[in-house]
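Here you go, one structure.
For clarity, chains are labelled A, B, C and D in written order, and residue numbers in each chain start from 1.
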Amino acid sequence: MKLDHTAKGVFAITVTPFTPDGAVDAASIDRMTDFYQSCGVSGLTILGMMGEAPKLDADESLSIARQVVRRARVPVVVGVSAPGFAAMRALARAAMDAGAAGVMIAPPPALRTDDQIVNYFSQAVAAIGPGIPWVLQDYPLVLAVQMTPKVIRQIVTDNPSCVMLKHEDWPGLEKISTLRLFQHSGSLRPISILCGNGGIFLDFELERGADGAMTGYAFPDMLVDVVNFYTQGNRDTAHDLFDAHLPLMRYEQQQGIGLAVRKYVLQKRGAIAHDTQRAPAGSLTAAARAEIDYLLARLALRDPRAALVASAEVKP
Amino acid sequence: MKLDHTAKGVFAITVTPFTPDGAVDAASIDRMTDFYQSCGVSGLTILGMMGEAPKLDADESLSIARQVVRRARVPVVVGVSAPGFAAMRALARAAMDAGAAGVMIAPPPALRTDDQIVNYFSQAVAAIGPGIPWVLQDYPLVLAVQMTPKVIRQIVTDNPSCVMLKHEDWPGLEKISTLRLFQHSGSLRPISILCGNGGIFLDFELERGADGAMTGYAFPDMLVDVVNFYTQGNRDTAHDLFDAHLPLMRYEQQQGIGLAVRKYVLQKRGAIAHDTQRAPAGSLTAAARAEIDYLLARLALRDPRAALVASAEVKP
Amino acid sequence: MKLDHTAKGVFAITVTPFTPDGAVDAASIDRMTDFYQSCGVSGLTILGMMGEAPKLDADESLSIARQVVRRARVPVVVGVSAPGFAAMRALARAAMDAGAAGVMIAPPPALRTDDQIVNYFSQAVAAIGPGIPWVLQDYPLVLAVQMTPKVIRQIVTDNPSCVMLKHEDWPGLEKISTLRLFQHSGSLRPISILCGNGGIFLDFELERGADGAMTGYAFPDMLVDVVNFYTQGNRDTAHDLFDAHLPLMRYEQQQGIGLAVRKYVLQKRGAIAHDTQRAPAGSLTAAARAEIDYLLARLALRDPRAALVASAEVKP
Amino acid sequence: MKLDHTAKGVFAITVTPFTPDGAVDAASIDRMTDFYQSCGVSGLTILGMMGEAPKLDADESLSIARQVVRRARVPVVVGVSAPGFAAMRALARAAMDAGAAGVMIAPPPALRTDDQIVNYFSQAVAAIGPGIPWVLQDYPLVLAVQMTPKVIRQIVTDNPSCVMLKHEDWPGLEKISTLRLFQHSGSLRPISILCGNGGIFLDFELERGADGAMTGYAFPDMLVDVVNFYTQGNRDTAHDLFDAHLPLMRYEQQQGIGLAVRKYVLQKRGAIAHDTQRAPAGSLTAAARAEIDYLLARLALRDPRAALVASAEVKP
């Protein structure tokens, strides 16, 4: 089943589990896939930045993609961003052959002008072929590429296979409003907008017109609930739940160690066996682990599903 | 009274109030100075980035500095960052002559290597003279300059007049721990560490050894309370209050429109007459104002001092 | 006499002379102004980056502008780039009052998208007023802002007071061709295009449609001759003279010490009394000075006016 | 034969030849390898940035490395820079197994502080293993990473397998002098220093202590002669030859289209069958081709080996 513009809900950005010696942890890949699905996510996005994709070699990437696709009962989007189009095409085609629902493409950091950005994505689509549905990643804080709403509209218009925006501009609330205005006024065809940035603005992003989240916060079940509360019209309830998680979400948003926080919590939740990252990686000090444990204990007072997590003991 | 390394508590980063036509709003400067002091701050920091300092001409900057210093009963730190040392020296000396407690210096964005950074601050001190106490601003997210703890130690060691670090590296918790470890092991003389980043990590920054906050969140009275609760050993109470404000603090942290959020709330609090910014400036849409109002209303349920603010009506 | 789109020939980017203690060297300002004029330049551009403008305070900048305008018999363009519009307006208006022919504006480094760039210049013109002719500086290598030909066309169209492009994109030959094509096809009104980049592509820039050079190479008389040879149709002669200077021009193009090279040669030519720069500044080692002397000696074999320069002795 | 610190002369940075449809042009790889060797180079460096390495997939890279190593009678250095260490290790080991003399590693663009840079190369060596000789690439203009001489010394000291610096800092003459001073004073063990930057400062780099060039200028035979003239003590002759080529070298240095210029000239020299690049690529207009032809015709007047090149006709 291929990805299309009607996608909504929560697509979890998955981590890539490693064993303590740095090898891909195949057993944890299945466990993690099951975990995310048990959280009620609508889809999975693998081999993104938070999946340490650049640290994998070509064979490892493809092998992971095949395993997740085989295991998952929800659509799987595969990150195929690469320094060049040959590598992007190789992975995109192999992933689709393996049953992926679509791919995700981020712009390389050197792009500056509107035309450079628009041309890059046209070349990318020419490379992978026009039949692969793809997600446009807009993440200026980390990628250093700034796309205006007009540029996004141009990319979507030029490339019918672009079906989703992974929106993580920051700030980005007005951007969602502008894109939806374009759509309502007929100058932009419908696309799915799922939001990243660790979910830190999801509460208002939904109100501005987003279809859900595509992010990796270690409680995807909370993200699912927030989307559902919002969809059902329970605005205050959605905010209450969201606010309860905000201290931890904020802690996870620390660039450089955010992934370490996320893997630590996922390990405590039993989703992966180890919180190992490949080098280069930020790691957690004992003080940081204690802070996370404290945040989890506080969270447990407001969201019961954190209770077991807070008390779980894991080997550093 | 000159700034020294014993400074602690909250130094409010002040805005610069303008009238709707863009002129400096002298009446609001006094009102704002009184407001911050009524919040219990230990000091004021004027003419920083959030004070729109680069948008002022030389005469305006000095005039504002003189007015705030004259009005304030707490120490005033004056931001003197400038593209060149002649302008930095001119403002630093005039501000100190007017009674400022010290100055604050941020590195220019082109600095890359450790030596470039260290040399820059030596040249800055040579320019303003060795007798002016100064605050080192470490804000990589916006300034694009990355200083390791070792580099900060070198700067502090080379320049006896450096008495405070405005710490807003992100993430930065380990940095505080490392600097305090340097200090405890005798390789770094004592300095005051006040934290920025809109206060978004203040809860743990205090626990890591910070002396307080130097930031501009529109509820400096909350920051003061958090510092006090922490100092008194009421950890959970400090976190409870902090967490209640986090949704709004997070909203204020949006780059490009953060200052607009801050000025809007300060206007609602009566601290300034208008939320006007000089160009170039991000502005708030009606949707954004409604979101802030909603956040204030929710905050009022947990912090009573937000109640009046939430219901205050102001002219956009 | 105000600057307009018919400007051509060579506008020398002037240095700012300092005495060895770092004070502005007023005597050298007159000497330097006379020197440039004796080289046959069509105009002067003062207070640019190579004029160490950011290292001057507001009073110094204005004082220098007044002195040069008073002394010069050719049009004077004043660089007014500033971190904010208040300072830009103050200098622009005072410079025009003093008799300047126009001003030059460079974009600040944070601009990324096409719209950000276009809006910035509209705001700048709103700040200085619509009656001041101005030069758009396009220098991505140093300013980190990339403007496409379409963006330049938009800026010129939006702002009738923009009369000249200081073109120093690199590479930039096709950009000149594209802009002239726009002009010939009627989508861009005529503007003057003078080229920077130390003149290092001037030979072909003229052939692509540039009107001359606006740069600071220490032999502006050579630049004048090259423009004249080209205008007279002596292509090979123009290239022969240009090529003779290329080894030294290339040497002057070293970022960080290029200004030191330029001031050293200007001092040897008698144009300024000292080669002092204000901090921060790159300086020349004895080895570098010997290399420049060697290049001048080699140049003297092909361009006789270098002979005296090569043998001139100056105090380091 | 493995690369060591005694390497000197010219290592040609090779292009990667493609057929017009974008496939790797295996026939041209042999032809090109023979061409470079006929120019008298001491070694070849393949799969660098100018070799369009990021545009190749993993299998293509290895296949090219094997073919060149099999054909060459001089040492071959293989560029293994990659976004992650798994891909770097895979290529490095396979290339060494195939008979390469060593590998070259460039830093990723995010590195800022001295410690980040030093740590990165330690991790890279840990990844590829300590037994593979490698070249440290220092190219701030394009890579955006600035390494001081002290940092280079630290990297060389920490990693015995680092045997060569590809020096292309700009400006960089003083850097060579400082490194050689370190070496002479005993604080740095001997390393080979070969210079890049298109050779544009080679004339003085040799005089400052460089051992030769590692660059891709389309007349590597000229670079070989310049190194030989210098080594034999014929300084003026070396400069005369160098200066004759400088107009073309300068033209080739245009970022974005430099590789197009280089491939066009190599095609005219018969080194490769087509000047095709993979996307994204800058291309040459008819005007640019005419300019190169003119430069070649002028060069032929001073260097006879350019005569045939100038008149060669190739299909665009």
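Convention: contacts are C-beta pairs under 8 Å (C-beta built on N, C-alpha and C of every residue); 3 or more make two chains touch, one makes a residue touch a chain.
All values derive from a computational prediction rather than experimental measurement.
At the interface between chain A and chain C, over half of the residue numbers appear on both sides, which makes the contact a same-residue one. A separation of 33 Å divides the Cα centre of chain C from that of chain D. Between the CA-based centres of chain A and chain C the separation comes to 48 Å, rounded to the whole angstrom.
Distance between chain B and chain C, defined via averaged C-alpha coordinates, is recorded as 39 Å. The multi-chain contact residues of chain B, meaning those touching 2 or more other chains, do not exist; every residue touches at most one other chain.
If each chain is drawn as a node and touching chains are joined, the picture has every node linked to every other. Put simply, chain B touches chain D in their complex at residues 112-116, 146-148, 150-151.
Every residue of chain A that touches chain B in the complex is listed here, in rising order: 170-171, 173-174, 177, 200-201, 203-204, 207-208, 239, 243, 246-247, 250-251, 254-258, 285, 287-288, 291, 298.
Taken in their complex, chain C has these residues touching chain B: 52, 54-58, 60, 83-87, 89-90, 109, 119-120, 123, 126-127, 278-280.
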